[in-house]
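Each chain carries a letter (A, B, C and D) given by its place in the written order, and its residues are counted from 1.
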Amino acid sequence: MTPDLSVSIGPISLGRPTMLASGILGISLEVFGRIYRNGAGAVVSKSLSKEPWEGYPNPTIIGVKNGYLNAVGLSNPGAPYFAKMMESNRDVPIIVSLVGSIEDEFEFMVKQFENCNVTAYELNLSCPHVEKVGLEVGDDPKLVTKIVSRVKSSTRAPVIGKVGLGTTNYLDTVKAAIDGGADAITAINTIRAMGIDVETQRPFLSHKIGGLSGSAIKPVAVRCVYEITSKYNIPVIGCGGVSSWEDALEFIFAGASAVQVGSAVGDRWIEVFSEINEGITNYMNKKGFSKISEMVGLAKRF
Amino acid sequence: MQNVSKTPSIRTIEQVIDETPTVRTFVISDNDLANVLPGQFAMVWIPGVNEIPMSIMVMPENGKAAFTVRKRGVSSSALYDLKVGQQIGVRGPYGNSFDIKDGKIALVGGGTGLVPLLRLAKFAKPNNEVVLLMGSKSKDEVFFEQQANQILKNHKHQIISCTEDGTYGEKGFVTDVLGKLLETSKFDAIYTCGPEIMMHKIVQMANSKGIFVQASLERMMKCGIGICGSCCMDDVMVCHDGTVFDGGFLANSKEFGHTHRAKSGILENY
Amino acid sequence: MTPDLSVSIGPISLGRPTMLASGILGISLEVFGRIYRNGAGAVVSKSLSKEPWEGYPNPTIIGVKNGYLNAVGLSNPGAPYFAKMMESNRDVPIIVSLVGSIEDEFEFMVKQFENCNVTAYELNLSCPHVEKVGLEVGDDPKLVTKIVSRVKSSTRAPVIGKVGLGTTNYLDTVKAAIDGGADAITAINTIRAMGIDVETQRPFLSHKIGGLSGSAIKPVAVRCVYEITSKYNIPVIGCGGVSSWEDALEFIFAGASAVQVGSAVGDRWIEVFSEINEGITNYMNKKGFSKISEMVGLAKRF
Amino acid sequence: MQNVSKTPSIRTIEQVIDETPTVRTFVISDNDLANVLPGQFAMVWIPGVNEIPMSIMVMPENGKAAFTVRKRGVSSSALYDLKVGQQIGVRGPYGNSFDIKDGKIALVGGGTGLVPLLRLAKFAKPNNEVVLLMGSKSKDEVFFEQQANQILKNHKHQIISCTEDGTYGEKGFVTDVLGKLLETSKFDAIYTCGPEIMMHKIVQMANSKGIFVQASLERMMKCGIGICGSCCMDDVMVCHDGTVFDGGFLANSKEFGHTHRAKSGILENY
């Protein structure tokens, strides 16, 4: 019997345990379709704001030894534009990522998607390189609760809070999101970081400080998934440095119900999704697991 | 295997060549970029200004690479204004490359679109007969003629300059001149790089005659390596799946020749 | 003229800008001497506690893709034992690292070193894998101020606070250390992280959660040095992923007055110190710098 | 170049061999560990228990490696009690190796200290005449005699078992037997691994006669790769600078034969 790769993340049901992470290639329906057909269980859009944003000048993304640094500045076409585009979506499970600074903005954005089939909303509470939104929101647990509960009351779609390492205890942010009614948590976003070119003595990124992603942050992300799921009873989507089926399983054993893949797309291209699915299938066959859920949190036995 | 760098490396500008009153070539030493395939590009960092995608110009000396820039907006002007001894950052090479067919081939370029075409000429097979069509507005905008002759000196070749005002070479658009050529000669393949409207016409012409055609496209690029999505067109990333696409794919594209994305990702008309 | 590699970190003067980081090889005087003669400007001892500690069972240290995970559990022979050994030290600049949970413990430990030549004390406010000391101390700014000021009033030796990413804003910990009279800051310690073996589904480390070190954390550490020196007027020692002269300079351009090298000793061995010194010397020659201090914080011009 | 792994890889125990009532050999498949140099070791993870340093036993089959364990404290007993099919983690190989001289060499070992010596025998040069001295308490603690004969079958060799109670082979300590041998024969080099007091004596004997000597040492190890300092002895890390040291170095050591460090790092007397 071939193992069943479908997963439930609270109220969210997906056919496969891997998703495209927010901000990665996430701009057109055609691309979403291609990634879905290549094995992703869902795709998360770029984080959308109320108005379109141009983002920062280049360099916005550069490679470092073990990953990438980026300060894209949340460039995005705006929620209204994106929602319009999404109306013609037929079959791709799309998780809409939203970013903003007060609950009214989020409500406004959610309303744009009334005619769309939204698999879930992911609220970006953790972008490390844009002021007033992102981490500054995540670092304010009261605001997080307000935003999540406003979004919850504006839509029937499930709501995911995406957290990262900010200046408060991220576990308090998780708690605040749970208090607001969040259905799941994505952990983690990029970690605030910087690189300086030695020859010119100049920060690489135009924004100077950006976010570190890729395999460098994997052990930190695995720890966060383990901590959240040990402390709270909420499904978690693992994100940060997943680039192989072993990485995906490491997150699942730590307690993740599913994983997101970001930077690895830049190293392994879109095939990374089917490669991960295949590796997980082989592992399940070898070990005699029939469903992903049987593996979630297995590291906690020890 | 190519060495592909994802972190900018600093290079010093060793030589600046004035090609036309608005086009300059900047020469650096870089063993990896010196030998890229035709169609590949680099991300060029002008510190303090921007980082922009640039095709890599072929140089006669070993280990040398160059960028040929037309002064346009802020970033290209900042690059254009750099002097010998100043520094830029480069990372790459990125993207796919032209698929060089046997036989008689046409290279059709306008302006800095000639850069990947000259590298293609350099990679031409012994059996290739090469016709290079170079388009520009007027005489003082013509450049690379001499380099093209030099690169193609061992091939049967023809270089046709076309100026819109007729001050040099043939008068008219390259597309018109190509149209006439196609009536009289048989081509095995056509390669093009330049303004998208031009490329769109050329692809249509080639497709309608059943001639193999490839175009190297430009889109807004941030990462250059298939992460950020800013260069997306239909379901491809121009930086990673391209920049070179076949006529068949382009004929089905909803966006090619019509729209491109702004920095925010919003589709804009050409 | 050969460039001058000596540095001043507030009141601390060292002949060279590289130090051995705490917890790395730091156990015997003979080893300290060897590392000093190989080019380190100073060596930092393992973090010492009031009583000897055995630490956790193995595995306590394992390699991951871009660095190491460790949960040694601060095994150390105790401050009294170490102080006795240190009395015979003649020429090696030793920075004594201390760890504890209340100010009295620190005072007790400092008293042990009355007959020793202590270059400085480094207070470990940031160990991510031992409860009640380390990060739990660093996360309590009031306690940090108390500890630092007690140590300051117990000795004339300079006092360094070592910070890391905990559950509060580490910049508040820095502020608290400054308020207590700290002469310098070391940033950063390892970052809380974990690795799980996919075959057995078991956390690698016996303590399960440990600290991530090595090149993986370098961009995060560089960011912290940049942020601290941008916000406060205190000398900072950069630590985290330094393994080449380029890395060392990156920290210096970010604002560090000197750097510490830890994990790289495991990859490049003790030669790493002279390699870094040599690389910095060549760079200074090429660029026309005559003193390290001319390079500190140069990235801030941009 | 050797593949050196710093992360544990899981291996399944394929075979368990009882060597004596307290010593067992555990066989695994591992291409990298199968071919380590004599003196090198691995860190062996007994999941849920501990991770301890272990010399790597040579196996006749390609691609097989083994650990030969004496049941002592908690961790060695946990390893000793494992069954075929159970899993351990391994990382390595770490450390330096013996420097094999030409001519007549003596290998002097006690107990599991024989493990690196048998690998040394396997690496013996064609011109080596090998005398292997194997020490144990009594007859039922003797093991590896057959393996040693097999490994040395193409060399001029002699295997001498010594038991403290005289129930097998020569009666007495290996050191005494070696002493007698040194009076009658000339050796070009002596290699030893076993209890430190034994090695200390052997090194003294060799040094006093001016014979090249090397010993493979044990110390408390955590990282195994020269990071944590727990294995330090004088100014060296036994895991990284050793485990094999020359007689000259050991003669000057303040710690060899006298003290070793406990888990906390405190020096303890042997």
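The rule is short, and it goes like this: a contact is a pair of C-beta atoms (placed from the backbone, for glycine too) under 8 Å apart; a residue touches a chain by one contact, two chains touch by 3 or more.
Just so it is clear, the structure is predicted and the values come from calculations on it, not from any experiment.
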Neighbouring chains common to chain A and chain B, by label: none
Between chain C and chain B, distance of the C-alpha-averaged centres to the nearest whole Å: 51
Chain centre separation in whole Å, for chain D relative to chain B (CA means): 65
Gap in Å, rounded to a whole number, between the CA centres of chain D and chain C: 36
Length of the line joining the C-alpha centres of chain A and chain C, rounded to whole Å: 33
Contacts with two or more other chains, residues of chain C listed in rising order: 64, 195, 202, 302
Residues of chain B whose C-beta touches two or more other chains: 48
Touch-based graph of the chains, sorted into line, ring, star, complete or other: line
Every chain pair in contact, whichever chains are involved: A-B, A-C, C-D
Of all residues in chain C, those that touch chain D in their complex: 23-28, 30-31, 33-34, 46, 52-55, 57-64, 68, 70, 72, 75-78, 81, 195, 197, 199-200, 202, 204, 206, 262-263, 265-266, 269
Complex interface listing, chain A residues touching chain C: 64-67, 69, 165, 167-171, 191-196, 198, 201-203, 208-209, 212, 215-220, 222-223, 226-227, 246, 249-250, 253-254, 283, 295, 298-299, 301-302
List of chain D residues in touch with chain C within their complex: 5-8, 10, 43, 45, 47-52, 87, 89, 91, 222-223, 225-230, 232, 234-237, 240, 261-266
